[in-house]
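Structure, as structure tokens:
Going in written order, the chains are labelled A, B, C and D, and every chain counts its residues from 1.
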Amino acid sequence: MILEKITSEGIAHNSYLLGSRNEAAVIDPRRDGEVYVQRARALGLKITSIFETHRNEDYVIGSMDLSRITGASIFHGTHLAFSYGTGVSEGDVVPLGSLEITVLETPGHTEESISLAVRERDVSDEVLMIFTGDALFAGDVGRTDFYPLQKEGMAGKLHASIWTKILSLGDGVVIYPAHGEGSSCGEAISDREITTVGYEKKGNPLLRMNRKEFIDYKVREHHYTPPYFRKMEELNIRGAPLLTGIPLLRPLSPTEIRDYRAAGAQIVDIRAPTSFGGGFIPGSISIWREGLATFIGWMLTYQDPIILIDDFNLDLDRVTRQFLRLGYDNLLGYCAGGFPAWFKAGFEMEVIEQWTPPMIHERLDPSLYLLDVRSIGNWNTMGHIKGAHHCWVGELRDHLDEIPKDRLVVAYCDAGYKGNMAASLLRKEGYPRVVNLLGGMAAWKQYRYEIIR
Amino acid sequence: MILEKITSEGIAHNSYLLGSRNEAAVIDPRRDGEVYVQRARALGLKITSIFETHRNEDYVIGSMDLSRITGASIFHGTHLAFSYGTGVSEGDVVPLGSLEITVLETPGHTEESISLAVRERDVSDEVLMIFTGDALFAGDVGRTDFYPLQKEGMAGKLHASIWTKILSLGDGVVIYPAHGEGSSCGEAISDREITTVGYEKKGNPLLRMNRKEFIDYKVREHHYTPPYFRKMEELNIRGAPLLTGIPLLRPLSPTEIRDYRAAGAQIVDIRAPTSFGGGFIPGSISIWREGLATFIGWMLTYQDPIILIDDFNLDLDRVTRQFLRLGYDNLLGYCAGGFPAWFKAGFEMEVIEQWTPPMIHERLDPSLYLLDVRSIGNWNTMGHIKGAHHCWVGELRDHLDEIPKDRLVVAYCDAGYKGNMAASLLRKEGYPRVVNLLGGMAAWKQYRYEIIR
Amino acid sequence: MILEKITSEGIAHNSYLLGSRNEAAVIDPRRDGEVYVQRARALGLKITSIFETHRNEDYVIGSMDLSRITGASIFHGTHLAFSYGTGVSEGDVVPLGSLEITVLETPGHTEESISLAVRERDVSDEVLMIFTGDALFAGDVGRTDFYPLQKEGMAGKLHASIWTKILSLGDGVVIYPAHGEGSSCGEAISDREITTVGYEKKGNPLLRMNRKEFIDYKVREHHYTPPYFRKMEELNIRGAPLLTGIPLLRPLSPTEIRDYRAAGAQIVDIRAPTSFGGGFIPGSISIWREGLATFIGWMLTYQDPIILIDDFNLDLDRVTRQFLRLGYDNLLGYCAGGFPAWFKAGFEMEVIEQWTPPMIHERLDPSLYLLDVRSIGNWNTMGHIKGAHHCWVGELRDHLDEIPKDRLVVAYCDAGYKGNMAASLLRKEGYPRVVNLLGGMAAWKQYRYEIIR
Amino acid sequence: MILEKITSEGIAHNSYLLGSRNEAAVIDPRRDGEVYVQRARALGLKITSIFETHRNEDYVIGSMDLSRITGASIFHGTHLAFSYGTGVSEGDVVPLGSLEITVLETPGHTEESISLAVRERDVSDEVLMIFTGDALFAGDVGRTDFYPLQKEGMAGKLHASIWTKILSLGDGVVIYPAHGEGSSCGEAISDREITTVGYEKKGNPLLRMNRKEFIDYKVREHHYTPPYFRKMEELNIRGAPLLTGIPLLRPLSPTEIRDYRAAGAQIVDIRAPTSFGGGFIPGSISIWREGLATFIGWMLTYQDPIILIDDFNLDLDRVTRQFLRLGYDNLLGYCAGGFPAWFKAGFEMEVIEQWTPPMIHERLDPSLYLLDVRSIGNWNTMGHIKGAHHCWVGELRDHLDEIPKDRLVVAYCDAGYKGNMAASLLRKEGYPRVVNLLGGMAAWKQYRYEIIR
């Protein structure tokens, strides 16, 4: 047996390559799927089945691309009208080498969600492992808020799915969920790399609730839903445009960038906060390299073309993939020569000051507008700076009328990245005076300055 | 948390990179260890500890190399006099980010064997996972035959270690052993990629025995011990020569190879059986590319330099690693231009005919000497061709006096690789007429020819 | 200035990336053109122009693909009705950074052939280098036999182009031709990596002839024209299908291969001669890995799908490119598990004996049919084995009626590769008894056996 | 024949792999020489000779490492007492496949300098190409200032070498020098990628002078000599420490960096100017990624360990090579997590403002101290900002007493990189107020502000 987890960074999406005796299945493949094909080749496997645990909301699924290359069959649940693939129902069995994959219907996160229980029939009739999709995570369970009018109903279904279908399989069953820590599909997903039914029963707080507590908790729970989810839902029901290789980005000159920007292109600066703050193209949005997967879906439109700004243009292939996984096929190019090409051309640049905690602490007075852009969860549980106003960075654009243009705005967040992103957005929206708190609340804490809870 | 399994192909050795909050530990690192450093860099981790579950017999451990690069501490059991590292005992705890690694002494395979139990203290006091070294595998347990006079004692210790220390941790604990299927450290290791205490209790036949049955079984069990194990034991107690990068092999001309061969160099042909059989340099040993890790330790000496023969010399870096992992630092080079350079130079070549099952079946008569070179286990359980003589390929060199030189020797094995290796050895030893059964018993079975049990 | 030569192995095609001050031109790009884009990115260049020195016959040109990615303009000569790009004429100048590229019309190989003279105007008015396409090579000149009725006219035009346009530029001008040694676009192209007008005047035998001698020589000259040239001509006038990444081949099981073969698929075995000879799938054509670019265009059809056979399936990406460059988009897949998967499945296999020179010399008698498959040039100038019959391997299929089926056919060539290819073709065509001379005439010579001239 | 130029970026050093009929020579190999071995393997070549055109001053030569791996012989001139290799003299011939390499003694740059003329004897007795080392470059000639008391003598020798030995070979000879544009071994080396004797006669201004003019010019010429040259001279005469693979750098935590810095470690920030300016570790020297090869030899000591700071730690292998090539084996590690780890830890950081031309122009008054850190050549020929003081950035440390600490220092250079490096040095040396002119004179010019000549 072979089991490899292929994780897409940023969105914390787990896909799996499961192999046995020269055959392989892929569970929840991502769009840039050559990794599955290459691993299968290296391992001497032929991919014969592709499973979708549910219609994913947070990335473009790559089933159709992978099926085109490999000839594999696509399987998913029956309770949604997919334009492609084959529906499977409770109890259906798909053999894979010496393994047996049994479909369990586990609705709750969505109606068509399925889990996949794996047995080695020549060893034991017990289940060895289960792919739980978005039903059960390490330390958390799936969101049940996608059908706003049926929150209670979905939460009830999820409870039934978890207790009846999954926990009942026995403590020794290994759990492979579709997401890890950092996913927007679950706020409290643990970072543990592996887990079992037995361990979750002890370590997952949701699983220690009774049915009522569970449903109440899930109904009250708050989740952010990035606007790009809608696009994913569309693409993942009818199948996304096929991807044939990772496109090579076009190098653009400063003059071209200036012109494209004037015509509406989105300028995304992928450098770190201090690097951005030290000088950037006016109108840029700061989304650092490692934050792309999480934030482009909040910050960027699907219509206007996108231009990337870096200093040395290293490893842009990996950057490109972050966009493709979220369906952003509108990447126009990148600044050839990096940001220095811009200032060498003598074009206008802006600066956002990055203030250390002492600099802010010194000047704390009502003339500052302190803007906390962390999640509401962190605001609530971890406290904030006295006098701060809260607005989640993802929703900032819809709340600009609450933020005064005539005061110095100090944006801050957990560690200084999102604050800088917020600051870049405000500058783009015409705020003349914006600074970022370097290191965010993490650094603020190190200085033992006052935190309000 | 981060957990990556890094497997060394062929020897089926598992090492692990375990990370938490920017710190990492490596368990049982292999000698060519840049993979740990590179993964750690990519994941933003600093390697701070290295654990050896026991003094390994089947590969050169890379602890000292890895410690030199990273500055990490090396930990191993106390019941053996290692020349390096720090001894740890039952109950010792090494923190790693938010994790806690607790040492469990689990002797039986060797005296100094330890297992490592991992807890997330902020989640639960239960153990999440355990690294069991060579104590417990998926479907099997560790060998207890390394101290021939204490087989019973060691088996008893292993039983105690498994039952008292490991199984008692609870069904939901995930097990990460040091070996997978195909290792010479356990004949019956299952190919399952992951397992738990709960699953092993059900699926591991050894764990369904009582103590007496277990000890009896272990005492009677037969294992092969390749001669290179002795060398590994030496190197792994005092520390192997440090490796600084994978050496680049020297390209050699046919003339150089002829001369080195005359001076005693070992010629290793890494092509597939039919490719070897179609033409090879006289005196070559056939060990196909993917069989190197398993067979060089049986077939080659540490003294005489080694020369590789391939057709296109692709991916020799990977080939080189197989040798280094077993301490074969005496690689001289490879045939520039591949085997064709040899025949283009007009040098002498030999051929070993590859016979299909019908060709052999047709000619089966007492003039043939049928030589079965599979493991004694396969000979016993899966039957053999009528009239065949058995000798494990690894021990062939010590049994040449049993094999007649004046008859046509037909070597065969499971699928045709080891048979060809045996045939190459016999040719080297002066047997004039040797052929190989193509496809081995697997193909023989397909033709439904008689099998004696 | 930057100048990089990108050579496509096998077809010995040279393309060039010429850069100056952040701009670049590509001359005669190949189809799998990401190399230009990646080099340009690494060098900080933006590709702005693409030049085709002529409508190429021997590979699919990648201009349209490259233009799509980069936005660069495509330029070619005006004397052919291309469906794309812009025509340029004598004296047209395209600036590139601080360089100046001047078009010289240099017909003779084809009517629309152009050469490109490069000047650094801020240094000198002299020409620094010239891209000569197929007009002038190191040691040879372009073919003039593509318009069979105008051989003399084309030869005259070529003479004029070389003498008037190129040689007149001065001895110090560096020459960059479209082909190197081994191309089918010139039998006698030298292997020198670089040359100049001055050196060619001394070292190129064609340039020491007078006009009449030159034309006579060119009219009499013999060239082989592989059948695939026709396909290239079609594709390169209207533009080939766009390529988006190198396709990932499908792994196929022995059973699938057997079935596809029955349905007409072409089986191409890419191993070396002895490896092929030791065992192969009946009906395979032997074209070793490094001979693909040269021979698939002779041996394979564009209609029937193609399946690759190797032992270890290493570096298939590079193999795939050889096919794409010649427009063979009909690659179906490869044998998962390599040729051993075939014999392990117990399927039928064939063998072609590889005879060393002494083995053949011993048996030389009229019962053998000696088949020399080298080029007619080598047959004429280097002598042959007594009693041999000549037929160029590329044309063998059209001359089967001359080769007796009831005799043992001994195929031979220069070094043993083409002979084996011929042998495989004969076996496919039903010849029961075929062997190959290992090492070909090269090895024959080493044994000092008789050679007839 | 095969000829590949392997260029080391930054120092603009050219080495060459010359191959013919399975043999290869390497001319002036760099220290990290696996590229030669790998290319040779891919091309089927065996490296048999290594030539050093002279004892190099600007990088560590890799001859001994390469010889160790390949067994090749090392050749260099006889007029210096090397501790290794074999001396060759005027007229010595080293055969290489079908080529002939003839040694020409061409002193002038150094006493032991040689050039290597290459002939194809089977084609012509003319020379095809010549490797000229540091005797003759495209557009320039070698430095003659290394023996301060013999400037005139060396210039005379160089004149004789060029005119008698090189130019006399004929216009069509291709020239391959040891350096390209940007090397500190010649201020005016052209960027042309290829050249010939004929072209240089026309395009190289030095070659249009008579002997007296030439010597006068060379004697008067000004060159910078970085302090690290002395170290290179030592290493290259006795052989540098052998390099076995590119060392993997250690990841360091902010705390470790703080402590190492306190103990004297050199902090090198490899980000671009604005990124550095936006926030950096106090005491850092700013040497952007692409400037390392040129400036570490001016800025860093060989004693104190070196720590690298980047944002995302991408492609550090390539960065490491820049240091090794100059003999800086004292790389300690890099900041794990990048510069953001520093500010997240709440450690102190500094900022250097990056002013655009208008910002400086506005404030131009005597209270500013304008510091021009370009080469004296650029200062002289291209003009400067009114009121500026000149000091080459490489020599800044020796002229600190000329620069006032109590004024705002505005550093500027050609494009904004060296100015920032100078600013970082001044901050490290305790200057409280320093800014950099973004875009340097290039941007200043774009604004058409006054330039003094």
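Here is the rule we go by: contacts are C-beta pairs under 8 Å (C-beta built on N, C-alpha and C of every residue); 3 or more make two chains touch, one makes a residue touch a chain.
Note that the structure is a prediction, hence the values are computed from the model and not measured.
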| field | Chains contacting each of subunit C and subunit D, listed by label | value | A, B
| field | Selected pair, greater C-beta contact count between B-D and A-B | value | A-B
| Where among A-C, A-B or A-D does the C-D interface show up again, with more than half of the contact pairs the same? | A-B
| task | Taking each chain's centre as the mean of its C-alpha atoms, give the chain farthest from subunit B. | result | D
| query | Can you give the whole-Å distance between the Cα centres of subunit B and subunit C? | reply | 44
| query | What is the distance, in whole Å, between the centres of subunit A and subunit B, each centre taken as the mean of its C-alpha atoms? | reply | 40
| message | How many angstrom lie between the centres of subunit B and subunit D, each centre taken as the mean Cα position? | response | 48
| note | In subunit D, the residues touching two or more other chains are none
| Any idea which subunit D residues touch subunit C in the complex? | 1-3, 20, 120, 123-124, 126, 128-129, 139, 170-174, 190-203
| request: Going by the contact rule at the top, pick out the subunit A residues touching subunit C in the complex. | output: 22, 34, 37-38, 40-41, 44-46, 69-71, 244-248, 250-253, 313, 316, 336-337
| query | Taking the complex as given, what residues does subunit A use to touch subunit D? | reply | 271-280, 289-290, 311-312, 314-315, 338-340, 343-346, 348-349, 351, 354, 356-357, 415-417, 438-440, 442-443, 446-447
